[in-house]
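Next come two complexes built around chain A: one with chain B, the other with chain C.
And then the complex of A and B:
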C-alpha cells in the first residue's frame, strides 16, 4: 500500500510546483501573461516592493554594457541602413537627403537609370539600340530632346551572379571536404593533436595575407601554372576571364573556410558513441555505408549549423576578393566582373550611400529566405 | 523466402522455420592482455587468461562474474571487436580468430542496445540485411542449374531485394513481438521494447552465434524477469548458439543451459547451473552464486568432522580428510531450527519475506554478514537459536591459495 500511495502524493507535489513555476493561479488557470520587459519592471509582485525596486535598477545596470554597445554598433546602424535605403540622395557627411524614394532599389536592380543630364527615368520609359555590339538606352523626353540613359547593372550583371556562384560552389564542396578531413582526423591515432592544429592554422591567418599568398600561387608566372604546365595562363591578373578568376577565388574561399568546419565536425564526431560503429561492424556495414548511414545522420545537427553559417558567410563574401585580386576587376577595361554584393555595398561609400543601403536590405532578404528554406528542409533530415 | 533452399551464402542464410545452421563455439587458450604503461608504472592487465570453453551447438551459455572479470572482453573477442593477444576462437570447423566481425556471421546485443537513434525500428532491423550480399545459384527457366565453363554450378552475388528484406524483417519482428512499433524511433520505446529491437537486429541476418552483453542491466526488476524468459524463448525457438554475459547470478542461472563463472580473467568453474550451485569448486564460486550469499565462518576439520569454534556442524562421511584449519560455508537455506541442534548463533533481527523468513544473525567466527532463510511457519525469536546444519549445504574451503573446496 505504501508503495501505491507514494507516487500519487509525489504527483500532486509536482503539479503544484509546475503551476507555481508557470505563474498560474491556484485554480490552474492560464498563466499570467508577462513578457520579458514586464517581468523586468514588475519584479515587486514576486518579492517585496523594496527588493523589487533594487533588482530593477541592478538588472539594467548589468545589462547596460551590452545594451549600449549593441545599440550603438548594431541596432542603430541596422535601422539606419534600412532608412537610408529609402532616402533619395542621402549625404552622410551633411546628413541631408531629398526625401523618400524607392529608386535606390530600382537602381540597384537596374530598373532605374539616369540620363546624361541627371534626370531619373525608368527602364520601361526607354528604348534600346545596338551600336557596335553594345546596347545603348535612349530616352525621349517628349520635347524632342533624345538623351542617352545609363543604368547601373553591376549588381544584376556581376555582384549577384558571382555571389550565388560562390555560395553554391564553395559551401557544398567545403562541407564535403571538411567532413572527409574531420572523419579522417578522427580515426587516426598518431599525430592527431598536431594535425588538428595544422588544419586549424588557416583560421587564425589573416584573409588578406592568405589572399596575397594565393595571388602569388595563381600569378601567371606562379607555382600553379608551373606545376600543371599551363604556360602563363592568367588566373587573377588583368587578362583573366571571369570564369578562371572564379575558379581561383573558389579554391581560396574553400581552403580558408575549411578549418572552422573541421573544428565543428571533429567536436561532433567525438560525441558520437563508439558503440554505433561496433554495431555497424557487426551489421556488416562497409566503411562507406557506415559513414553514410551512421556518421552523417548522427552529425546532422553540426552539418546543419555549418550549412547555415557558411551560407550566410559566403553571401557576405568580400575580403577574399580584395585579398586575391585587390580590385573587383580582372579582365581589364574597368568592368567590375569580380564584384560580390558586399563589395558593391562597400564601394557605394564613394558613390551613393542609398544604393548601398538598398543592396544591403536586398541581401538581408535573400539571406533570410535561404536560411528559412534550410530550416524547413532540415526539419525532416536532422536528427537531434 | 519459402523453403530458403535457393540461397547459399557465407552467413548460412536460411529460413528460421527450416531450422538454422548453428555452430558450437570453442575458445582455445584465449588470452587478452591490455598493455600498461611501463614508464608510468602501470602494469599490463590480463583481462582474460587462458580461457578454454566449448559452447555446444544450440545451447545458451551464461558467462558470469563480478564486474572486471573479463566476461565482456571475452564476448567482444568472440564478436571480433577485440583482437585476442593469443589463443584461438573456433566456430564449428572454422577458425575465426583473425576474421573481421562482419565475416563471422554473429549477432550482438549491446549492453545499452546501440540502436541507431535516427532510424525507425524497421530500418534498424533491416540495416544488417541491406548490407548483406547473398550468393545465389543461377538456374534457367526450367529450374535446372546453369553450369559454367568448368562444369561447376554458376553462382551470382547480389543484394537482397526490398520485398525479401521486408518479409524477413516482419518475420523477425513477429518472433520478438515488436510488430506494432516498426515505424517508431528507438527513443519512443520503453527499455524492454528497445531490448527486443536490439535482439531482432541481431537475429535478422540469422547469425550462427548470438552474443548478449548484459542485455538486462538497463531494465527494471519486473521487466528483467519477463525479458529474460523472452530471451530464453527466442533462443530456444531459433536454436542459435548463444553466449550471455551477466554479473547477475540469478539471471544467468535461470536461463542458461550452462554457466561459466569467471574471476579476474580466469575461468573458475563451468557446468549446469544447479550443479555449480550445489558443488562449487572454490570459495569464490560458492560466495558468488546464491542470494543471499553463503555464510562464511572460520572453522577447522578435526577427526573428519567440521567444527566452528567448539560446535560440530557436520560429519564428513565421504572420505578421510586430514585435520586442518579451514573456511566453512553454510548456504542460507542450509539449516533446520532444532533445539537439539549442534550449531547455534544469535538472531538479531527477523525479516519477513513472505514465503520465507530471513534471520539476520551474528556469530563470533562469522567472516561476513550472516543470514539464514527458514520456512515462514517456523517459530523463531530474537536471541540464541540452536540449529541442525544440512550436510549438502555445508562446505569447507581450504585456506591455501585458490581456496579450493575440501568437502
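And then the complex of A and C:
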C-alpha cells in the first residue's frame, strides 16, 4: 500500500514544482484548502479522550484569569475607545461629555477648526488668505464679524505623510535586504552560526537606547558626516529638514527590523525540501532563476507573514522616533515635523482624549484595510 | 495537443520571418547544402566534441568551479559587510562612552579614544539613580512575568487539552485581538487606571490607606500585562504536540487534570516556558510608553528605559553624549548577557512565530 502511494505523491510534488518553476498560478490542480473560517467552524475536533461536555465548567475555570484580564484590558478598552472617538469634549476625570459628534475625526483630519471665540466651523465654510507666506483661514459669521480659524494640521501635515513614508520605504527595503542576507546565510558553510547570531543581536536591544546611539552617529558633528565628508550637515537636530531626518529614521528602523525578518526567513528556508533545488539544477536553472522561481515562491508564506506584521509595525512606529529625536521635532519642540500617527495619539491622551481616540480608530481602520488587501493578494500569490 | 502547439508556434515563427524578410530555417538549410564546401565534408571522419559557446567540457567544468568560488566570495563579502553595519553602532556606543565631550565634538572623529575615560560611568552612577530604576524594572518585570506564565499555562491547557463549547470561536477571537493596534487599548486603559478609587494621578497621592501610591503605580504597570494572547498561542501549540497516550496513561493512574498539567505538561513544555519568561522580561526592560504615561508625576518609580531618554543634557539642551552612551551601555549589557546565555530559547521563541503564520 505504502509503495503504491509513494510514486503518486511524488508526481504531485513534481507538478507543483513545475508550476512554481514556471511561476504560474495553480489552476485546476490539487483541491484548494479550506479557508481560515471554514477550518475554524468545522466543529469540535477529536482532541482528547475525555467526554467533552462535562469538562465545560472546568475549562472555563482554567480560562477565567485570561478572559477576565482580556475583558478588562482589551475588549472593554476596544469598545470604549471607539465610543470616546465619537464623544464631544470628553473629560475622563469628570466623566462628562457634550454628546455624540463626528468632529473629532474632522479635527484630526484638519477639516474642523475653531475660531478664536471657540466656535466650531468646517473648512468649507472658511476662506483663506496668505499673509507673509503663511496661510490664514477666516470665518464670516454672517453678522459682519470676521474671525480667524485655527485648524489642527499636525496629522495631515506631518503624522500621516511621515507614517506612510516610513511604511512604504522601510518595509520593502528591509524585506529585500533581509531576504538577501538570509539566502546568503542559508547557502554558506563556514561561520554560519556566528554570522546568524550577529545578525540577530539588534533584536535584543532596547529601541530607545539604540535610537540614542543612532542620534550620536547622525549628529551634525558625528561619524556619518565625518566618513562621508558632509561637513556639519544636520540630520536629526539643528532644525534639520524633514526629508533628511526621515532618511536617518528609516535607516535606523531598517537596521532594527532586520533580525526578526532574517530569523523568520531563515527558518522558512531551512524547511524547503532540497529536492526542489536538485530539480532546478537538472533543468539548468541559474542561481538567479532558482532564487526567483523556486526559493521565493516556496518562501511566500513567510514573506506574507513578514509583510503583514511589518506593515502593522511600521504604521505604529513610535519608540524609534523617541529614541532618535527625543521629541517629535528636529528643532527641539517647535514644529512637530517628526510626528507619527501613534506619537500624535500618545500626545493626545493627556490632551484631548477624543482626538486621540479618533486617530486610533482611523489607524485601526487603515491597518485592517491593509491586512485585508494583503490577504486578498496572497490568495493568488502564496503557495502553501 | 503538444504537437499542435509546436506546429502552431513554428508557423508563427515562419510568418514573422517572412514578414521581416528574414530567411526561414528551411531556406537556410537549403542554402547551406547548396554550398560546395559543405558537400565536400567527409562526415565519416567527424568527431563529436561537446561545446557550449567556445568552451569544451573540461573548460566548462572549470568555469563552473570558478563561478562557484566567485559566488561564495561575493556571498561572504556581502554578509561580512552587512554584519559590520549591524555591529558598528555597538562599537561606536562603546568608544563614545569612553571619550571626553571635547573629543566627541571634535572635527576629526577618532575611531579609538585618545585617552580612555572611565569617569563617564562614574557620573552615571552618581547623578543618575540607575540602581533604583533597575530595581523598579526587575520588580515589575518579574511579577508581571510570573503572572503571565500562570494565566498562559491555564489558558493554553484549556485550549490544547480540554473540550468545551465554543472553544474554536473563543480561540479565534483571541487570535484576532493580536491584529488590533495596542494604541486602541492604551487610551482607555490609562483612563481606567487613572480613575481607580485608590489612585489619584493628578495629586500623586493614594486615596485610601491600605495601598500606597507607589504600590498603585507598580500595580498599574503590572496587572494589565498579566495576559498575552501570543504566548497563549505559542504554549498551546507546544501542549498540542504532547501525545494523547500520556494523558490516557495519567488518567489510568488516577491523576486529575490539575496533576497532569503540573506533573507532565509543564515539565515537557519547559523550553517554551523559559522562552516566554525571557522574552517577557526583556519586554518589560524595553517597555517605554505605558510606564512613561503612569509615572509622569513621580519620576522615582520609572523604569530604566524611561529614565534613559531625556537624561544627561546640559542646561542649554545640548546632549552629553559620552555620559548618555555610558548609561546606554548599562541598559544594553544585561540584554546582551541574557541573549548570550539564553540564545537558543530567545531565537526559538521568536522564530516560532513565523512557522505556522
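Worth a mention:
Quick note on the criterion: the second predicted complex is superposed on the first by the 327 of 384 C-alpha atoms of A that agree within 3 Å, B and C clash if a C-alpha of one lies under 4 Å from a C-alpha of the other, contacts with A are read in each partner's own complex, and residues count from 1 in each chain.
Assume a contact is a pair of C-beta atoms (placed from the backbone, for glycine too) under 8 Å apart; a residue touches a chain by one contact, two chains touch by 3 or more.
The structure displayed is predicted, hence computed values, not measured ones.
In the overlay built on the shared chain, the residue A:279 is in contact with chain B alone; chain C does not reach it. Using the contact criterion defined above for the overlaid structures, shared-chain residue A:289 touches chain B, although it does not reach chain C.
In the superposed model, A:234 lies in contact with neither chain B nor chain C. When the shared chain is aligned, chain C comes close enough to touch A:356, but chain B does not. Legend: residue contacts after superposition of the two complexes on their common chain; A:56 is shown touching chain C, with no touch to chain B. Once chain A of one complex is fitted onto chain A of the other, the partner contacts of A:297 are limited to chain B, with no touch recorded for chain C.
Taking chain B and chain C in turn and counting the residues of chain A each one touches, the greater count comes from C. Using the contact criterion defined above for the overlaid structures, shared-chain residue A:161 touches neither chain B nor chain C, since it reaches no partner.
Overlap of the chain B and chain C interfaces on chain A: none, as no residue is touched by both.
On the side of chain A, the complex with chain C involves touching residues 40-41, 44-45, 47-50, 52-53, 55-56, 58-60, 62-66, 69-70, 72-78, 80-82, 84, 92-93, 177, 180-181, 184-185, 187-188, 195, 197-210, 212-217, 219, 221-223, 226, 255, 258, 260, 263-264, 267-268, 271, 287, 301-302, 304-306, 312, 315-316, 318-319, 322-323, 326, 332, 342, 345-346, 349-350, 353, 356-357, 360-361, 363-364, 367-368, 371. The touching residues of chain C, when paired with chain A in their complex, are 71-72, 75-76, 78-79, 82-83, 85-87, 89-90, 92-93, 96, 104-109, 150-152, 154-155, 157-158, 160-165, 167-170, 172, 174, 177, 179-192, 194-195, 202, 223-224, 226-227, 229, 232, 240, 244, 247-248, 251, 257, 282, 285-286, 288-289, 293, 296, 305, 308-310, 317, 319, 321, 324-325, 328, 331-332, 335-336, 338-339, 343, 346-347, 350-351, 353-355, 357. Within the complex formed with chain A, the chain B residues making contact are 79-81, 100-102, 106-108, 110, 112, 114, 116-119, 127-128, 131-132, 201-202, 205.
Residues 273, 275-276, 278-279, 281-286, 289, 293-294, 297-298, 300, 383 of chain A touch chain B in their complex.
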